[in-house]
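The structure that follows is given in the form of structure tokens.
Note that the chains take the letters A, B and C in the order they are written out, and that residue 1 is the start of every chain.
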Amino acid sequence: MARLDVKKTYKLYIGGDFPRSESGRSYPVSKADGTFWANASQASRKDARDAVRAARAAFAGWSTKTAYNRGQVIYRIAEVAESRRDQFEAELRSAEAITAAQARTYVDAAIDRLVFYAGWADKIAQVVGGANPVSGPYLNHSAPEPSGVVAVVAPAGPLLGLVSVVAPVITTGNTCVVIASEPHPLTAITLAEVMATSDLPGGVVNVLTGSVAEIAPWLASHLDVNGLDLTGVTDPDLARTLEEAGAENLKRIRRPGLEDLLAPPPLDRMTKFLETKTVWHPMGV
Amino acid sequence: MANKSQPFEYAPAPESRSIVDIKPSYGLFINGEFVDGTGKSFKTISPSTEEVLAEISEASDADVDLAVKAARRAYTRVWSKMSGAERGKYLFRIARIIQERAREFAVLESIDNGKPIKETRDVDVPTVAAHFFYYAGWADKLGYAGYGDDPQPLGVAGQVIPWNFPLLMLAWKIAPALACGNTVVLKPAETTPLTALLFAEVCQQADLPPGVVNIVTGAGGTGRAIVSHPDVNKVAFTGSTEVGKAIARAVAGTDKRVTLELGGKAANIVFDDAPVDQAVEGIVNGIFFNQGHVCCAGSRLLVQESIADEVLAKLKRRMKTLRVGDPLDKNTDIGAINSAEQLAKIRELSEIGEAEGAERWSPKCDLPSTGFWFPPTIFTGVSQAHRIAREEIFGPVLSVLTFRTPKEAIEKANNTPFGLSAGVWTEKGSLILWAASQLRAGVVWSNTFNRFDPASPFGGYKESGYGREGGRHGLEPYLKNDGAR
Amino acid sequence: MTTTNSTVSSVSEATASDAALRRFLHGLPGVDQVGAEQRAAGLGTRSIKTSAKAFAIDLAIQMVDLTTLEGSDTAGKVRTLAAKAMRPDPTDPTCPATAAVCVYPDMVPIAKKALKGSAVKVAAVATAFPSGRAALDIKLADTADAVEAGADEIDMVIDRGAFLSGRYLEVFEEIVAVKEACQGAHLKVIFETGELQTYDNVRRASWLAMLAGAHFIKTSTGKVQPAATLPVTLVMLEAVRDFREATGQMVGVKPAGGIRHSKDAIKYLVMVNEIAGEDWLDPDWFRFGASTLLNDLLMQRKKLTTGAYSGPDYVTLD
């Protein structure tokens, strides 16, 4: 007789822990073939609130780490993910009706994207900042700083989609709350397990699974959230509502829309959630 | 013959008004010419005398539509097809004409806005010319700016600017927009339209193709018509946070790009090892420059307790030498408040400050009997919870708070929804750099304050808005961003 | 440390040792060069017209220490200068006299005699002017000679070498000694700010000299460039203002060298007015060390009274 599988309970990832939704709710997730896969936690507004609190608490530490250190941590996520390639491939094939080769392409691209951003951590300031030649006896320079806490609605694409929106946001020192793809939340939690074992401080990335339409408005209107990435919002009315809600504290908002994820990513995945700080100082004796 | 210790009274030194020619009424500048608006009209007055200066058209929705159509036509047929080098040459021309007509602009700005001629002459107008000169040089070098090899313009930019630096804000908006290949519809503030209308003449003198710059005057309704016009690709706004939020809501769900440069409540932090005399100058410049009508004004003084008495004594002594009065007098340091409405707001918040228990002080100064005036004022004994420590007063009113440690200073400085600017004063280099890194503000002036330069990016964190104006960064809001990888 | 709390309950404390004096002077607030120069330039944009200009020009004339400090000075030259000091514009009796003539010590008797009966003072440079490179006893003898010859005011130079190498107490004690040698004569202490280089040094030298009892602090000898500048004078005016705040004692300020035009002189007076305050708008508390300035002031004065521009042929060359 075949051995009975030990199935995994998929929970949320908040502040480095894996809690169930405080609401006690879950929703069934099916495989591509329609069979039951697992129950995902269905996050509530209070889970979203807790996730924002965790992200805010992590911001000071994460944003003031050296860029080199942040790069190392993100590279470490790639390393740990690499060791789980087979698992991710299997999950992608279960989630989406794709071939093994396709699954491998997405997994490799996701891991390579992490490596790509790991290398960006200590380059971005030089690329988008610099000295400004003002007409006076002043040292004047501009440098990017992270906006703060960014709420992200991840696109479809259980792994590469998630990595493509989360990695650029945290590379520059932001912390985030990400709502995983609603139909494909489970890989996001597997990736969270990778992050939880990759030197990434708890709270830098917080993963919620559940209903975008239910959770996103709470994040969009939350006054302690500084940025909103709507990449994964597919309903234009919802996107407009979220953008309107985000106006209340002038969140930096990236509107819906997804580039070809296998192509080199656009720079504004990072720059949208960066502030430019310009510092002046007189030069004299 | 001078007697000993007789007061040195400066005789009036008024700049002549004869250089400006204010017409009785003005139309709208659409498609290269002045046309009559189809809406109502309003009056612009001199805030220092309440004299009516001119009758101004209030652009209707239909007028705005005409202006946007003219801008679209100019964009499609002329401006987007022109080489960057040629666009740049137009901007160089404009910069030069502004330099040639600098005195005229300075006097007109001073009359319409109420700010001292000293500032329009030495700050506003030279910085305007410099801004056009700076962006002129970018027009044919956009491929080097980091936004792709051949970055493309957005189209028609709708721009709404405030009354505190009327011509300078026009330059901040128009120069980068044009350099990047966009055309513009710009609305100057209701109370200060005259220099924008004079700028329209400069466009004519420069032979700028019709429709590249359109100036529509009016109030909030005109601004809303621009922001919500479906054929506007980009909205740039400088003004209040309240209106900024309304604009952000209005463009939600559209493809319009937006930049917002909004309010502030900047902390000016003075540590106990500061160069005290220069810090006092920086405090004065920070809050009394331009009557405090400055979004990045250093309106919260955070002074370390151990030198608070000394700094305040010196500040009060310095404030006694500030000369409030006729904006056209070359010795005036503080001019008129821009409008009755703004004066009422400053008075209201000041009265709230007193009611909340803060101690109010102004030097003795004789204010003119007509016009809108408010003396330079400081409040001491202010705490973070007071409304005058949290809300933007936008007038010559300073709230003074104290702190004990660097950490406390930073916490207090950052404890605001705003994040436009901040100041730090200390002779200790490492403390300067630490404080600058901790402050959540888009511009940090260390051992100086209120410095502006076309090469220096300007803009806020948090509710002070988003996007940068000035420098290479100032190109980004006017270019499509899909080229950069 | 701050200006007020570091004074002068503790003058004796501050000057008790080289180390104490160093601590005191280096505890003064720093001067940011760019900020100080901007403040000076800003004051320079004041527009002084009509009645204010007439007031300023007459005040400036009264503040001139009409100076000749050349190797080629002769009795004749000094007598001419004295005549000019007493009656700068012989055609106009309303034109005030200058504050003083400033000469080398050996010319004091001649100047004294020529100025007899007038209110114009005789100032003598002493202490091995302009370099100050001589032994203390020679400097004191130089001073005593000038005082004995009738000098009302002594313009001494500090030992810049000692100052720049941090031997503040030595400089302090030298000023104290020279002041004693002055007996009743007023002591002006010249820093030669062009050699001190930084505004921080100017502020420290100012406090050092004031603590030592200087009646006046003076920028320059006129022999080193740059001599007087607006920002240097700004820093010195701040120092005398703060010193009075702390001690109640007023000290005068004298920029010297390089001030040639009325327009410049008026900028200095605006600065005196707005930085130190109107109490200093008095020849007892502010002087210009100058020679050619006086004729420009006279030409401007004529322009104001006649409405026409004057020329060098209409003022006396002395």
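Here is the rule we use: a residue touches a chain if its C-beta (ideal position, glycine included) is under 8 Å from a C-beta of that chain, and two chains touch if they have at least 3 such contacts.
Every value quoted in this text rests on a predicted model; they were computed, and no experiment measured them.
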Exercise. Name the chain pair with more contacting C-beta pairs, choosing from A-C and B-C.
Key: B-C
Exercise. Could you tell me which chain's Cα centre is nearest to the average position of every protein Cα atom shown?
Key: B
Practice problem: List the centre-to-centre spacing of chain A and chain B in whole Å, with centres computed as mean CA coordinates. | Solution: 37
Quiz item: Just how far, in Å, is the C-alpha centre of chain C from the one of chain A?
Solution: 69
Self-check item: Distance from chain C to chain B - Cα centre to Cα centre, in angstrom
Solution: 43
Quiz item: What are the residue numbers in chain B that touch two or more other chains?
Solution: 447-448
Exercise. Check each residue of chain A and list the ones that touch at least two other chains.
Key: 136, 138, 282
Practice problem: Pull out every residue in chain C that's touching 2 or more other chains. | Solution: 32, 34-35
Quiz prompt | chain B contact footprint on chain C (complex, rising order) | solution = 2-5, 29-32, 34-36, 38-39, 45-53, 55-56, 58-59, 62, 94, 96, 238, 245, 269-270, 273-274, 278-279, 281-284
Practice problem: Show which residues of chain C lie in contact with chain A when the two form their complex. | Solution: 32-35, 37, 197-199
Quiz item: Which chain B residues qualify as touching chain C in the complex?
Solution: 1-2, 4-13, 118, 122, 272-278, 281-282, 306-307, 309-310, 313, 321, 330-331, 427, 447-448
Quiz item: Taking the complex as given, what residues does chain A use to touch chain C?
Solution: 136-138, 282-285
Practice problem: Would you tell me which residues of chain A are touching chain B in their complex? | Solution: 127-128, 130, 132-136, 138, 140, 142, 147, 226, 236-237, 239-241, 243-244, 246-250, 252, 255, 264-268, 275-282
